[in-house]
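Some notes on the structure that comes next.
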Amino acid sequence: MLLMEASLKTLDRAAAWKSYESVRRFTEELCEGLIPEDFVVQSMTDASPTKWHLAHTSWFYETFLLRELLADYQPLKPLYTFLFNSYYNAVGKMHERPKRGLLSRPSVDEVFQYRRHVDQAMRRLIQDASEDVLEKMTPVLLLGLNHEQQHQELILTDIKHVLAQNPLKPVFSTAPQTGRSEPPPADWIHYPGGVVDIGNDGEGFIFDNEGPRSRQFLEPFALSRTLVTCGDYLKFMEDGGYSRPEFWLSDGWALVQAEKWEAPLYWERSEDGWSAFTLHGMRPVDPGEPVCHVSYYEADAYAAWAGASLPTEAQWESAASAVPVEGNFVESRRYHPAPLAETLAAEHAPGRPLQMFGDVWEWTRSAYLPYHGYKPPAGAIGEYNGKFMSGQMTLRGGSCATSRSHIRLTYRNFFRPHHRWQFMGFRLVQDQ
Amino acid sequence: MLLMEASLKTLDRAAAWKSYESVRRFTEELCEGLIPEDFVVQSMTDASPTKWHLAHTSWFYETFLLRELLADYQPLKPLYTFLFNSYYNAVGKMHERPKRGLLSRPSVDEVFQYRRHVDQAMRRLIQDASEDVLEKMTPVLLLGLNHEQQHQELILTDIKHVLAQNPLKPVFSTAPQTGRSEPPPADWIHYPGGVVDIGNDGEGFIFDNEGPRSRQFLEPFALSRTLVTCGDYLKFMEDGGYSRPEFWLSDGWALVQAEKWEAPLYWERSEDGWSAFTLHGMRPVDPGEPVCHVSYYEADAYAAWAGASLPTEAQWESAASAVPVEGNFVESRRYHPAPLAETLAAEHAPGRPLQMFGDVWEWTRSAYLPYHGYKPPAGAIGEYNGKFMSGQMTLRGGSCATSRSHIRLTYRNFFRPHHRWQFMGFRLVQDQ
Amino acid sequence: MLLMEASLKTLDRAAAWKSYESVRRFTEELCEGLIPEDFVVQSMTDASPTKWHLAHTSWFYETFLLRELLADYQPLKPLYTFLFNSYYNAVGKMHERPKRGLLSRPSVDEVFQYRRHVDQAMRRLIQDASEDVLEKMTPVLLLGLNHEQQHQELILTDIKHVLAQNPLKPVFSTAPQTGRSEPPPADWIHYPGGVVDIGNDGEGFIFDNEGPRSRQFLEPFALSRTLVTCGDYLKFMEDGGYSRPEFWLSDGWALVQAEKWEAPLYWERSEDGWSAFTLHGMRPVDPGEPVCHVSYYEADAYAAWAGASLPTEAQWESAASAVPVEGNFVESRRYHPAPLAETLAAEHAPGRPLQMFGDVWEWTRSAYLPYHGYKPPAGAIGEYNGKFMSGQMTLRGGSCATSRSHIRLTYRNFFRPHHRWQFMGFRLVQDQ
Amino acid sequence: MLLMEASLKTLDRAAAWKSYESVRRFTEELCEGLIPEDFVVQSMTDASPTKWHLAHTSWFYETFLLRELLADYQPLKPLYTFLFNSYYNAVGKMHERPKRGLLSRPSVDEVFQYRRHVDQAMRRLIQDASEDVLEKMTPVLLLGLNHEQQHQELILTDIKHVLAQNPLKPVFSTAPQTGRSEPPPADWIHYPGGVVDIGNDGEGFIFDNEGPRSRQFLEPFALSRTLVTCGDYLKFMEDGGYSRPEFWLSDGWALVQAEKWEAPLYWERSEDGWSAFTLHGMRPVDPGEPVCHVSYYEADAYAAWAGASLPTEAQWESAASAVPVEGNFVESRRYHPAPLAETLAAEHAPGRPLQMFGDVWEWTRSAYLPYHGYKPPAGAIGEYNGKFMSGQMTLRGGSCATSRSHIRLTYRNFFRPHHRWQFMGFRLVQDQ
């Protein structure tokens, strides 16, 4: 996708529309296997109905571009302003998040009509805007497209959660059954540390939370070449990982006991061993795949058991800076992390860490906090990232549900330490 | 519907099938205005998705008739046994009630296929059963049909609750706008009391909780000829009804404060006065209509304010025994209580209480408890009524969402005292 | 205690003071074994700290007598009006019930000073009141004394609950260890029913909820001569009582599962069988004692298991009308139900039901609802009983923690069906 | 206190005992104004009863020294091991934290007996230990003393919370009423940044979480010379601070709305303006005092309003390294932060930040996370700090409830971002 890679100055109308159309179309392609009933359900407060994602991403352009810059724009339904506002207090009141699953209307068809309505207006805006307006809209349009890409990922993770609650275990997309693969031997890559530049001042599009670029000092460290695999993780489980408090953060241990956790999310014990619910239905756990759907607490407990740590954001970013941004992204339509064996075979960067991008978001041991000198932008857009800098941990590298054009070296994702429903995994670090 | 009125002995196959088909068809007719998305939502734990009602009523015949009596019966999907069991522990485990809204599958189409599957098997069973089997199945079939009629009412009250949560205020069925009507003057009808027979030993179909018939002594009392109207209730509200604890039961007052109740469910204050959400959308409150969607607590508080009481079950039944079972039932497709003026015009029983049947279920001041000598039937069917005889109050007379063929003088409905989402109203009594 | 038995007309000042002094002294005697720390703890919202009971009972006289009738009365501390109001909205705001255990002050000493302050004023009031005032105060004084007697019982049951939470299992009062006794054989007493008078129009003191006296019709029934014993109850437990849903009310079964109940409150399983916490510390369960600390749900489940029912209030009262009001009350200082063998030996009424009064409150299957014609008194005093007529079941007969002078044939106690911390047991009935 | 400053090698028995005795005595001195009832109450789950603190600090020596090193040690009561374990899973099960306030026993006297019992054994251990044992016990003894000092602070903050719940507003200690003081003008001190050493490798006693010492790079920054005062904070409040979401972290704003916060903890609005509950009772808010009892969310919102930030731990430590560790500590018996004017008058370090140590713990914008290379110690002691490194923010510098001998430049305190009941305040930083 050219737009994402372009510097903001070189944007032209054709490229803008092409990018817009392409992002919008991909969102809808992801929903192709769903029936109307699937679009409605909200399986937990953290997740949203598919229908809501489709509407909210449209609301974003409507609110921050069409209402601001397209003089004669007529909203389709005034109440949508309220219904599809996620969390922008500066825009006005909003429908309560936990109640998104109570709305059977607008219908799926009406939501697609809303998308068409916004698309047509966006087409007019992009075609007809004066140069001044075009310049003004460009950063917001880029933000809107990246925003929609984030919701594409959420559409997948949220519908996975919905389907997993269903004892019928519905299949989202069919895929060839993969065999059992073997994880490669552990391997550590050493880094000397020193003063490094972290963050991004943004020649192309970046989120505000990726900057400002500033210096950090790193002590020497060694990073695991590979992600922790299901095979590795099963050893932790077999060694009593979920029943020995000595490995766990206090909050994590409380949760393990309260929720009776004994495996990653979506794993189920059967007579033949562990299976896991995937977007292709229930499948036996493959020991050679990266472990996925683990919380920060589980990742941290595993690291304690293994005598290691999770990397800091700065360690991860410093190591990843030498790795090309390639891997198993959503474009592969695999919707699941790939086995290490396969990755090894198609190695992107010999001698460097594997699967740093794509497959699974990697938990770091860094809290999601502002970089030195960070200030959120003025206005409602300032609520995008900054106000969530509390109570969350940072993840890096994108997953099998992330668009290739969406991810960057400096990209900071963030979730609460108990969250597991994203494609989340981890690798280890040894502080030297 | 002949079947319901027939004594069990005279049942013939044709009548059985005709009744079955008619009840089944009516359930589906009620869903005609809905889109697939509407069938999915569970707006609160007390309510169920439409889809679930459609499936559960089929499950009932499958579980208690087809699996028992139709030798070669093949269930459509084994998991439906689990998914659509409501609360019959003796049948096995069940999907948790609060999670009914998490199931996007089976789809609405698949649920209708399930209905067809059960219907075809039921047709075979009714046609081919030996006389012995026919005799055995008759009471269960009658129970199943009455069960489905109960769920027809719940389909209406539950979808009303779903639609009411939606700021778009969708319309379930269109209806001519009614004007403002005037309530008639209050009028009391006096009853001498004495030893009366209460309950029903069932020549035709009855629920087990309606019997055994036994004697009760009633002191003299006077019953209000009319239901309490919205106009009456507005006077209570204007006199500080919702802010004066002296009228309220302690539990009710706690709820009023916790939930900030200040009017019946579905009422909203606007600049022009009070409106209410109905199955025809938002409408101004009509003072001449029976007040509806009030809890027992509100009914009791109103009675205290008015210096009266709610009737006991025995008072109600004794008074109603002289009133024909006629009124505004679901067959009218009005889906809303009728104004008193209209009822007066078409008076069923001159000099007798009005609107005793249909319109709104009437709260009594009797707890839902077993009659003298009551024993629940053996087996899973015994869980139908008996195990709920705790924490609930009894309501009488049916509502505008009840089938005419479903209601009887001795019919006992029961809900918790805080419930409001059924078509619930009340009338007053004066103990002499 | 003469006062309680006297008709209100014959009250004289000396008797009034003697009764007052005697009730007040007994409250304090019950606290003699406690250390200051014991007076502070509130172990659950349903219970109150001892300190609070001591103060609230004083507040009652202060609020309803001294402030009303003693012209120059000076409250000790104005804030006590707020702190020690239990639930009288008409008196004003009150300290929230669940926060009673957060108050370390006033100290126990200060609470006793408050009692002295009120006592001295009460002495003045009783001595100096004009005849008019005396007549006016008499029913309120009687109510206050009965109120304090109710709190005496709560002091015992609440401190029992406090001490039971403590792994140190402190002893409230020492008592000789009793041996294992044998329950007598089951025995049913038959009653013919008919129109009976129930309730009390009160020649002596009664609570408002005991009247008006009115007629009820009873069908024939048989009442168990004895209370259900621990030995009986153990058979129910051994037959899977707590794991078989078929015996349970739906609400009860939900509670059994949520709370993991498997025995009466205070019972603990040890290697030597079941023990129970009593006010004398932990003791082996005696099979010949009435079972105690069971909820309505457990009593009802036991009855279902035994093929019987709990009596209605009217059945109980009708049967008890032939039994003298004698038994094991708080004056025995046993603070625990007595074995049946002992009661048999000292049989109060040959051929009649045993232990109808004292020992344990007996659950009935009657909800706590108003009698025909009941109206609560005007004013704050009207909040005493009437507003609780929702969600509760009635118990009869008093317990080993009740004063002999406090109980009557028509006395109606009431608790929620899940409550267990009172001395609660039950007997069975067979509807004929 | 010599011990704390000594290197571990030079410890001698006399100094050890003197330190032990002194810490133990000070704990008890803090309780001198309390009545037995005060020792019992647990006002929230985060806080513990005074009695529990007195016992738990003794349990610590008993568990980690006496049971390990004193051969013939006899515990006073075996159950105390269970009752007074705070959170050490490796030691065994423990009494649930939220239930600490349910224990009226052991009595306050028995708890003091327990302290005497431990003290006598500790005296024997210190006097009689072999040199080997002495060496082994030294770090644990130092940890135990520092542990008890932490609980001294908690005794003050927890009893403040208990007394504040009480409408009687009891006074913990009397103090002369202070007047209204004026805050000094704002002033920023500039720091050049660069590679700095952060943390402590511990020549004297340190907590494990203070190390290992490692390098960090700081960009240039400016630190406020003074703490934010009540006067400053009132301006934020008057500018709509608590009603404008744009200043708040999302979690913070949700809390402000849910809890209806509109001022710091313990502040109450009266006709004459704001007052605050202090350990000396209710007092008018002094604008010249550091603001106290604010959460991280409030500190962060104030910083956003002021166009600044909270310092990072590294910024704070780097700036504080030039400031002597002097200030208003618990030894002053003021139990409240001092006005800035007073501090200015007794300025410890001209031209340097004021009140860096003592008065109030200062919120930083750093999450409480391990330093590079941190590993918790082996065994139960390893649970002391490491397992809490999740969900908490770091605070620095000690407060008016901290012992002078307890605090250090590198000391890291940590609380959840919503916590307010410690003496918590903040100062601002400007990233350059």
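For reference, chains read A, B, C and D in written order, and residue numbers begin at 1 within each chain.
Just so it is clear, contacts are C-beta pairs under 8 Å (C-beta built on N, C-alpha and C of every residue); 3 or more make two chains touch, one makes a residue touch a chain.
Quantities reported herein were computed from a predicted structural model and do not represent experimental measurements.
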Mutual neighbours - chains that touch subunit A and subunit D alike: none
Rounded Å distance, subunit B centre to subunit C centre (Cα mean): 38
Separation of subunit A from subunit C, taking each centre as the mean of its C-alpha atoms, in whole Å: 60
Separation of mean Cα positions, subunit B and subunit A [Å, integer]: 47
Junction residues of subunit D, two or more chains touched: none
Contact pairs between chains, per stated definition: A-B, A-D, B-C, C-D
Residues of subunit A touching subunit B in the complex: 35-41, 43, 51, 77, 79, 82-83, 95, 99, 101-108, 162-163, 165-168, 170
Subunit C to subunit B touching residues, read off their complex: 87, 89-90, 195, 214-217, 219, 221, 245-246, 248-253, 296-297, 300, 309, 365-367, 369-370, 372-374, 382-383, 387-391, 417, 431-432
